[in-house]
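Two complexes follow with subunit A in common, the first pairing it with subunit B and the second with subunit C.
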Partner chain A sequence: MTLTRIRERRRESLYAVAFVLPATIGFVAFYLVPTVRGVWLSFTDYDLFSAGEFVGAENYAKIVDDHVFWNALLVTLEYVVVNIGLQTAVALLLAVLMQRLARSVVIRGILLVPYMVSGVVVALLWQWLLDYQIGIVNNALDFVGLPRQSFFGDPALAIVTVALINVWKSMGYTALLLFAGLQAIPRDVYEAAAIDGASEAKQFWRVSLPLLRPVLALVLIVSLIGSFQIFDTIAVTTKGGPVNATRVIYYYIYDLAFNRYDFGYASAIALVLFVILLGVTLVQLRLTRADKSDLA
Partner chain B sequence: MTATAARRRVPLGKVLAWIVLGLFLLATLFPFYWMLRTSFSTNGALAGHANSLLPAESTLDAYRRVLGLSSVREALEQGGSTARVNFWLYLRNSFVVAITTTVAQTLFAALAAYAFARLRWPGRNLVFTLFLAALMVPPIFTTLPNFILIRDLGLLNTFLGIVLPNLLMSPFAVFFLRQFFLNISHEIEEAARLDGAGHLRIFFRVIVPMSAAPIATLSILTYVAAWNDYFWPLLVGQDENVRVLTVALGIFKAQTPNGGPDWAGLMAATVIAALPVVVLFTLLGKRVINSIQFSGLK
Partner chain C sequence: MKWRKGAVVATAALAAAGLLAGCGSSGSDSDSAAGGKVDLSYWLWDANQQPGYQRCAEAFTAANPNISVTVKQYGWDDYWSSITTGLVSGTAPDVFTNHASYFPTFVEKHQIQPIDDEVKSENVDLAAYQKGLPELWVGTDGKRYGLPKDNGVVGLYVNDGLLKDAGKSAADLADLTWNPSDGGTFEKLIAHLTVDKAGKRGGEAGFNKGEVAVYGLGLNGAGDGAGESIWAQYALSNGWDYYSGEAAKPHFNYDDPKFQDTLTWFKGLSDKGFMPSLKIATSGVGMQQTYGAGKYAMTTDGVWSAKSYFELKDVKTTVAPLPTGPTGRQSTANSLGDAVTATTKHPAEAKKLLVFLGSKECQTIIGQAGVVLPAMTSATEDAKATFQKSGIDIAPFLAPTTHTTPVVPQWADAMAIFQPAMQAFLNGQAGADSFTKVNEQINALYQ
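And now, the complex of A and B:
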């Protein structure tokens, strides 16, 4: 290597360092260090006001006997199952409808609007629509002769209500991702199926769905992880209630840290959530072989 | 099966499919219509006109109330609360936060993405892998220590405290732009280099103009995310002077009379909070849609 080449290389490295420096500072200060610090906090009794002392695995021992935690985990799972199950089914239906009927951008655009507005807006809007006394939904129930429902006040209904609201918010977005996946399936596969006399339904089950699998798997992983982090809707509408019916894990962590200043314990639970999400991702990657396409 | 029946079966399925799609579109749009309709209504008339599609005793009072234009007495008479709200101010705050975050984050992420995609330097892959790994950490886990840091820096209830964690990078932004920068042909870069252009010049004169579309897309996505964020500003920016729309909506909701909420006022406030994003989306929606489809495939 000539001397000028070496000098050029060094220059390139210098520029590279200068270019990544701001982002790296942001990464170290707000991602890397907090991750390490979060692990440390989970072994202390830090409470925002005093220095906080190392307490060993005490916080983790506390989790084992904390029925509010286990309830929160259960409620979160209930939310995730209803939310993701329904959202994926509806989004699949919408994606197929969009592909078969209308590829118009306007339709995709309309379905995407709820996803673009903030969770707080969506939560307030649905609280009004579902109001017990004068909400339009309860008026409609009344009109067809069904009893009015206290959607947010009834412990049996509250978490399902929140899950459905977020299906409404995200179905267009998920549908759009799946639609993109459907578009990527070559036309001639369908043509071949049609020549073989496969019906519309058969084409969906035998062609679309298997070939969509890698995209579907990725979409599932991303939306599942997002679903575990449900906060906005609950913070605005039920604040974890009635009793603990909607106290999902995200809200429980928030409540512990910012209302009770128990940062140590909150961090321990956040770490448990972190591990759960890692596990979910790994299992799903394994089960669905998301990285491999059937087309290849 | 006769020939006519076979011919009729296809359109029937198609009609049914259109009806289903139509119902979904209706279910998507109707709540927004109801939000608008309520915002132009008089609180006292809402119960009496519950099922009318038009505003109940239409008025602009709700907007005047949330924009701080009516007196406390007027607000109380209209079914509002005594707490003063000023959504002009919150609107301004949301613009400040969203625009600052978008401009700074996109710029710094683009610089980093360029270094990851086009420059050779020791440790490049390791650093990039670390950046990517950050995508796996649930936000709440880092939010707790970040809150402590912002408090210790004395930045609670300041704009800087609200934007700082997202100012210099987001792992997604770096990843997103790197994908595009990787695909730019080396010949063009080489030609610029032969003309004597340095790395900085190549970045601003070649890479950025050639990636205008993905950069614009990323900016829109970043803007919308910053505009809609609730959790972080709720923790660090409750003070009126820096309160953004999402936080203001939550507080407004908490202050509204419990027995009979100020629904007209609440809906007027949500319209104000949603409008800028909906307008932006209407103008640039096609680009957003295409980019989401793209990111779904990658």
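And now, the complex of A and C:
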């Protein structure tokens, strides 16, 4: 290697460091430090106002007997299954429709509108639409002779309602990601399939879906983590009720930390959630082989 | 190439500076020391009350030219997390409106400052306030932290149109009676004001409780352990009280049959179709909006909401006193009070402001603003006159004997036990006797 090349290399890496530095500072200040601090807090009785004292694994022992925590975990899972399952299915359908039928940019744009609206506004909007007595949805049900439903007040319906609201909000965005994945599949594969006599449905199952797998895996992982973090819709509409029917894990953590000032215990639960999410993501990566494409 | 390097360094420096600026900005500790001028920040959550307190702040500055006050309003949902994080990060206001349910915790955690010395030096007359209200702001350590500002009592809001449709008039509302076994004339009125889809009234033969068009009485959720404006007025007028013993170490009485009988009657209203079930009432928008849409003939609500009711476009409202129970006509009373934060850089000026906001001068301004009832007895007449101008007769709110709502330590922990239990009870998942166990769990917090 010549001297000039070495110099050039050195200069290049200097630039690289300079460009990466702002993001690194952000990562350290807003992710790494809080995470390490959170781990420490989970072993203390920190109450926000006074420095906490080390209490060992006491907070973690408390989790074992905390039926509200286990219920929160269950409710969160219920939410994630309904939310992600439906959202992915609907988004996939929309993505295929966008690719095969709706070439209009306007229509593609409209699908994204709910995603652009803030979560709180979406929650307020549906709170009015779904109101038992004066909401337009229940009035429509009543008009066609179906019984009114207390979407937010019925323990059996509340979490499903919240999940569906977020399907409505996010499906356009998910569909757009999947649509981009579909666009990346070469035309000639479809042409070959068509020549072989494959129907539209067969092309979807045999060509689109397998080749979309890496994108689908990425979308699943990203939206799954986001789904576990459900908070805003619940903070606006049900506040964890009725009873504990929508007390999802994030809302429980928030309630413990900011209403009851039990930061140490809240940190311990947050850490348990972190470990669960890490496990889910690893399993998902394995199962979906997200780093490998079948397009080779 | 040189300029590029410069740009990179500048970008990195800017980013770093941004980070530092983000951490260092602050709302309260403006550079006020310059020239002996002090700028205090004051926070409140009720937008309706902001104009009144803005005027009080101006009056305070007029009397103390070297102290200016910036009044800021945040909605209830953001308010408490802003106060809490502000106290930790040092960006909390100097003075803020406090709520009785948060007060004991702030005292316990030493986040607000006692004002006993100022009360003494400024000769504050505690007897000038409505009975019971000044005691709300004495901490479990015996020190005073605030002064009462309003008198939060409860009354009956009645939809005038629906009342007339039922062939009743305001005169029929004046002397309602209540008891936990058959609900007295109050329940008869609720039933009569309830109308099903076919037009049958509650209590009439053929009334369909599954298809109610207008409920006689609205329901504002399950509420917390104070039951303020929801069930407390009935339980209190049944001879019940929240707790016995001292506020620092209360023994709650949710196991008392007087409480449980009252709740059984209360839920019975839903079962009979005269009041929405909790499922219906909490599925969507709030009680006031539903009342405004003509779906509730009556509601029980605080005087602090009077303005909202009378501003409704499609509904004309009459106010009536709460019914008289076995032990008289009783209402909860609550009062907001101010607090001086532990983090303030100007404690003397902040305490001066607090005392002024509870003084006769500010109470008179609040009375004239006609949004809430002032806590000071002498300012009540001003408020009456202002409310009267907007067509609101607030005399019915002053009819009951009052009980202050509980101000005890660990309220949030107690409520984490109580609230799900109350929701389960109103949803029919548990009986009224389930509160005996709830009571044991809550009292265990104070052992």
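Here is the rule we go by: the second predicted complex is superposed on the first by the 269 of 296 C-alpha atoms of A that agree within 3 Å, B and C clash if a C-alpha of one lies under 4 Å from a C-alpha of the other, contacts with A are read in each partner's own complex, and residues count from 1 in each chain.
What we mean here is this: a contact is a pair of C-beta atoms (placed from the backbone, for glycine too) under 8 Å apart; a residue touches a chain by one contact, two chains touch by 3 or more.
Model, not experiment: these values are computed from the prediction.
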Subunit C versus subunit B on the shared subunit A, clash or fit after superposition: clash
Touching partner for A:48 - first (subunit B), second (subunit C), both, neither: both
Which superposed partner A:229 touches (first subunit B, second subunit C, both, neither): first
Residues of subunit A touched, compared between subunit B and subunit C (which is higher): B
Partner chain in contact with A:16 - subunit B first, subunit C second, else both or neither: first
Contacts of A:168 with subunit B and subunit C, given as first, second, both or neither: first
First (subunit B), second (subunit C), both or neither touched by A:66: neither
Touching partner for A:258 - first (subunit B), second (subunit C), both, neither: both
First (subunit B), second (subunit C), both or neither touched by A:25: both
First (subunit B), second (subunit C), both or neither touched by A:132: second
Subunit B/subunit C common contact set on subunit A: 15, 19, 22, 25-26, 29, 48, 128, 131, 133-134, 235, 258
Subunit A residues within the subunit C interface of the complex: 15, 18-19, 21-22, 25-26, 29, 47-50, 127-128, 130-135, 149-155, 235, 238, 241-244, 255, 258-261
Touch list for subunit C against partner subunit A, complex: 5, 8-9, 11-12, 15-16, 19, 77, 80-81, 84, 87-88, 105, 109-111, 222, 276-285, 289-290, 293, 295, 412-413, 416, 419-420, 423-424, 427, 429
Subunit B residues touching subunit A - in the complex, by the definition given at the top: 13-14, 17-18, 20-21, 24-25, 27-29, 31-32, 34-35, 38, 46-47, 50-51, 108-109, 111-112, 114-116, 119-122, 124, 127, 130-131, 134, 136-149, 151, 164-165, 167-169, 171, 174, 198-200, 203, 224, 227-231, 234-235, 245-246, 249-250, 253, 261, 263, 266-267, 269-270, 273-274, 277-278, 281-282, 285-286, 288-289, 292-294, 296-297
Contact footprint of subunit B on subunit A as seen in their complex: 9, 12-13, 15-17, 19-20, 22-27, 29-35, 37-38, 41, 48, 90, 93-94, 97-98, 100-102, 105, 107-114, 116-121, 124-126, 128-129, 131, 133-134, 136, 139, 143, 168, 171-173, 176-181, 183-184, 200, 215, 218-219, 225, 228-229, 231-232, 235-236, 250, 253-254, 257-258, 263, 266-267, 270-271, 273-274, 277-278, 281
